[in-house]
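Before anything else, here is the set of structures, which you'll find just below.
What follows is chain A paired twice: with chain B in the first complex and chain C in the second.
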Partner chain A sequence: MQRSQRWWTVWTVCVLVLLYIPLVSVILASLANTRYLRFPHRIWTIEPYREALGLSQTYDLQMTSLKIALCVAVVSVLIAIPGALAFARYDWRGRKFYQRFLLLPVFFPQSVLGLAALVSLSAMGFDLSWRTAVFTHAVWIVPIVTLIVSIQVYGLDRAQEEAAFDLGASRLQTFFRVTFPQILPGLSSGALFAFLLSWSNLPLSAYTTGVDTTLPEWLYSRMSTNFAPMVPAVAVLSILASIVFVLVWQAGRVVVNGVMERRKQLE
Partner chain B sequence: MTRTDTILSLRDLSRDFGGKLAVKNVTLDIREGELFTIVGPSGSGKSTLIRMLAGLEIPSSGDILLRGKRINDVPANRRPTSMVFQSLALFNHMTVGDNIEFALTVRGEDRQKKRARARELMELVRLPADYYAKSVTRCSGGERQRVALARALASDPDILFFDEPLSAIDYRLRKILEMEMKDLNRETGKTFVYITHSLEEAMVMSDRIAVMRDGEIVQLGEPLSIYNAPASRFVAEFMGQVNLLGVEKDGHGMVLKDLTIPLGAGIAATEGTWLMLRPERLRVLPENGRADVTFDAVCFNSYLLGSRTHLHAKMDDRTFISELDAGMPPPEPGQRIRLGFDWSDAVAIHE
Partner chain C sequence: MKREQKAGLVLMSPPVLLLIAGFLLPLAFVAYTSLMPPRTFGFTSNITLENYVTAVRESYWRPMAWSVFFALATTILTMLISWPIAKALVRKSRRFATIVATMIAVPVFIAETVRLFGAHLFLMPRGGILAGTINYFFGIDIGSVLFTPLATLIGLLYIYLPFALFPTVLGLSQVPADQVEAAQDLGASPWQQLRYVEVPIASPGIIIGSLLVFVLVLGATSESHMLGGQSAVPIGFAIEQRFNYAQDWPLGSALATVLCLITALLVFPLLSRLDLDRLFGR
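Moving on, here comes the complex of A and B:
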């Protein structure tokens, strides 16, 4: 028992190290004043961060990425609600087909999907900007969010909806008073997932943002051509931003739950 | 109160699931204020039947009449009836109070009125008043049961339907709740239509019982009449814990199968008739004990059921169930015993 537990610990540490090596490398790369990625550093400095924070461009990049990610999160959840109910709740002709093909866009190589979106969007006469990127991200992310919400829908006792209906609620009242509150945790996870997937996406953005540039796009181009330690510093800041976003999100959930509980207690 | 006015009539009611009839031409009248139980094994169609009555399932043919008015096409949310579900279907994201008030909330009643009604109902179903703000997920099984009852009663429905709500409750609590159900039926004066797979449960609380099998009602009557005179072998076996003795013809006349004992006078039996003998009527005879019919068997095992003891005895491959007289020490397994019964205690079943 003792022995096997020790092995589990070693294994877990190995997995974690493997997962975090790239992250640590980026942090290390951002702490030098060299034009080339190499190790060990001769001089350690936080100068790149000062530079990154001083660059007004990084602010614009973050805003573009944020704008896209938030829109994608909202759009995905709105589409995923009926999508998940159709997936996991209602019986209808074609449901099996729908369940099998829902994930198809996810299996597409993203660069192909991005190119396809670029071609069709321009053929239809759309000017490429962050808006078209929202659409393309959604094509890829909606199926994933639908699946996440579906898992929550599967967990919902159908009898609860019948009970609401039996107690005199209309279909709409049943949805808003019973179904929606119960799948809310799934919607919340789905939205968070959508946000993070969009925030870090490169291949789809590369084809479809047109005049706008997202953070991953800029990072990619600067990493490959015009490297400076300021680039990994921006990357680290971007990672920090998404961590902050997740923390704020979780805190928000805790606060909302707490308030609801208090409200009930006071009543 | 005389329970003679019909509140709910079922006329030739059927439900077809893709060629398979879950409910077949059921016709019956449920009386105002009675506790009517539909009992049957799983797959007998009882759940489909009650779902049609509640409006959650559409009949394929036949009519449902509520006080003489056809309600086939009235959806569940427009019927003056409520259902207590098997899973109870409490709204887990709500408090006890919100659950109970739900029917009033969707109707747009004001807060004061809702609270007053919830208070009244919580008292009726014996829930402590401070449970009002408690989350239903923190309630025990029995408490959840009471919340479900109060919630169903909130809109003051004409009929309450119960779809096996006690099936997941442990034995001791179930026995209590069964009795409370009967009390509540008396206190509220409402019509209760109850579904269960346990005839024992049905016996405890019902005014009348319908036994269902393969979508049809095979016997309808008061609990005692079903207990004393099951209409068929199915009903007798469904009650469980009975001895069924086959009857066959031999050279001299009708005899008990396996035992080859001639039937006593006064028992109308033909080939295919079964004689039902309750365990308490099949006695283990002492040395000089007497009975109309006696035969030898080997004690297989004995089972203490609280105040009673049941004994299983074997004769060849046949197993007999006998209830020991109070205070009688059970025979050892393997011990030879003499069993006996009187003809007057045997009930002939012809189907």
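Moving on, here comes the complex of A and C:
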């Protein structure tokens, strides 16, 4: 027993190391000034970062990705709240069918999801832009967020809701005062998941952004055709951007928790 | 009871409407486009099966076969790789599990393109990170697996490992530790323990994980594009080319429809077996 446990740990650590090699490689490759990658670099420099930051295109790409990801996060959470209550809270005929139907887009090749959106959107005469990408991302991300919120809803204390009802609270009051605070942690992680999944998505964006270009799309085309150390530098900057976002999000979460605690104490 | 029925129907409608508009309807459009004459746009009433005939005649079964092969190989290998990790995550201390799980989850949220690009830079011949380092220290020139089907497979394993791992962890966490101990006390060999105790109880998680990996790899394109090159073209890439370069939407749609059918054939029976309430509710 002991020996096999040690063996699992060694294996786990080895796999972890392998998983991080590509990320380290991107960083290493970004620290040169040569036209082609010739590792180890003769000159190590952060020049590519200066170049990447000086390029207005970098900001445009980040802004397009940011716009899409923020919209997707908001839309997903708004749809996932009722979706999760139907998934996990209420007992109704057709629920089992609904649960499976909701999971279908997740168990589906994403490139086909993207091109199906392209075919139908253009058949209905929509111009493709970042807005259509938000819609397509949502089709894939809403089920995932609904599942995350559902896990929280399963743990909901129903007695509290019923008590609120018995004490004469309206349905909306019950939701905002009792249900919502209880599922807030699920909503928060759901929103974060939605943002990050949208931020890093390629197959759905590739078919549906039309005139707009997201960061992953740009990287995809530049990496294969037109390499320069500036390209991995932009990639590293995009990773930093998502790290910053996660940190800001966590900080916001701490603040909100603090406020909620205060309110509880005051009441 | 009646109130709950009404609440359920009202609350389910936002996500269901979204999926009808963004999933079912688009798939219907794709299926219909696949019946249009080759290289046409728009919808007419001239329905033809010509695209499906072309798909077979122009040997599109080849990229389809590559995709199925990659999906199968990735599913089996990611499952084998993640099983010991899942055991470690479930059986070892909470702190260890949190750190490892976080470290594996974080890259999932970094764009696939960035990570595959990193793998590309690492594996590149001559000046690549691996080959360059070895050449610098030992003065030997190792070859490169880049632009072979093996490189694609490496990329797929790298990207899809977390999708196999986390559902497996979910499944394994439902195996009671005392049940495993009881099996050991009764003299079960490690293999018997795996075969008769762990795998059956963890099977919902294993099913979800393998299904997810299989289906996602079936449609994956960037791994072969960025690592395998033209050595093994998967069906997703062939479809993409029909849409973007060849501007032959009907043929692309026919290929996509076939891919959908394969997916449906796998997903429907497996998904209907799962008890989602038990799996996520606990």
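Here is the rule we go by: the second predicted complex is superposed on the first by the 243 of 267 C-alpha atoms of A that agree within 3 Å, B and C clash if a C-alpha of one lies under 4 Å from a C-alpha of the other, contacts with A are read in each partner's own complex, and residues count from 1 in each chain.
The definition used in the following text is that contacts are C-beta pairs under 8 Å (C-beta built on N, C-alpha and C of every residue); 3 or more make two chains touch, one makes a residue touch a chain.
Not measured: the values here are computed from a predicted model.
Kindly say whether there is room for both chain B and chain C on chain A in the superposition, answering fit or clash.
fit
For the three-chain arrangement built by superposition, which of chain B and chain C touches the greater number of chain A residues?
C
Touching A:W199 in the superposition: chain B (first), chain C (second), both, neither?
After superposition on chain A, A:W199 lies in contact with chain C alone.
Looking at the overlay, does A:R177 come into contact with chain B only (first), chain C only (second), both, or neither?
In the superposition, A:R177 touches chain B alone.
Roughly how many degrees, to the nearest 10, is the angle at chain A when you join its Cα centre to the Cα centres of chain B and chain C?
About 90 degrees, rounded to the nearest 10.
Check whether A:M223 is in contact with chain B, with chain C, with both or with neither, and answer first, second, both or neither.
second
With the two structures laid over each other on chain A, which partner does A:G168 touch: chain B (first), chain C (second), both, or neither?
A:G168 contacts chain B only, not chain C.
Based on the superposed arrangement, let me know which partner A:L55 touches: chain B (first), chain C (second), both, or neither?
Touch partners of A:L55: none, neither chain B nor chain C.
State whether A:S25 touches chain B only (first), chain C only (second), both chains, or neither.
Touch partner of A:S25: chain C, not chain B.
Chain B to chain C: minimum CA distance in the overlay, Å?
9
Which positions of chain C touch chain A when the two form their complex?
1, 4-5, 7-16, 18-19, 22-23, 25-27, 29-30, 33, 42-43, 81, 84-85, 87-89, 91-92, 96, 100, 103-104, 107, 109-122, 124, 126-129, 131-133, 136, 158, 161, 184, 190, 211-212, 215-216, 218-222, 225-226, 236, 239-240, 243, 249, 252-253, 256, 259-260, 263, 267, 271-272, 276-277, 280-282
Give the list of chain A residues in touch with chain C in this complex.
Per the stated touch rule, the residues are 1, 4-5, 7-9, 11-12, 15-16, 18-26, 28-29, 36-40, 78-80, 82-83, 85-88, 90-96, 98-113, 115-121, 123, 135-136, 138-139, 142-143, 146-147, 150-151, 154, 196-197, 199-203, 206-207, 215-216, 219-220, 223-224, 231-232, 235, 238-239, 242.
Would you mind writing out the residues of chain A in touch with chain B in their complex?
157, 159-160, 162-170, 173, 177-178, 181-182, 264-265, 267
Using the touch definition from the top, list the residues of chain B that touch chain A in their complex.
The contact residues of chain B facing chain A are 54-56, 75-78, 81-83, 85-87, 89-93, 95, 97-98, 102-103, 105-107, 132-133, 135, 151-152, 154-155.
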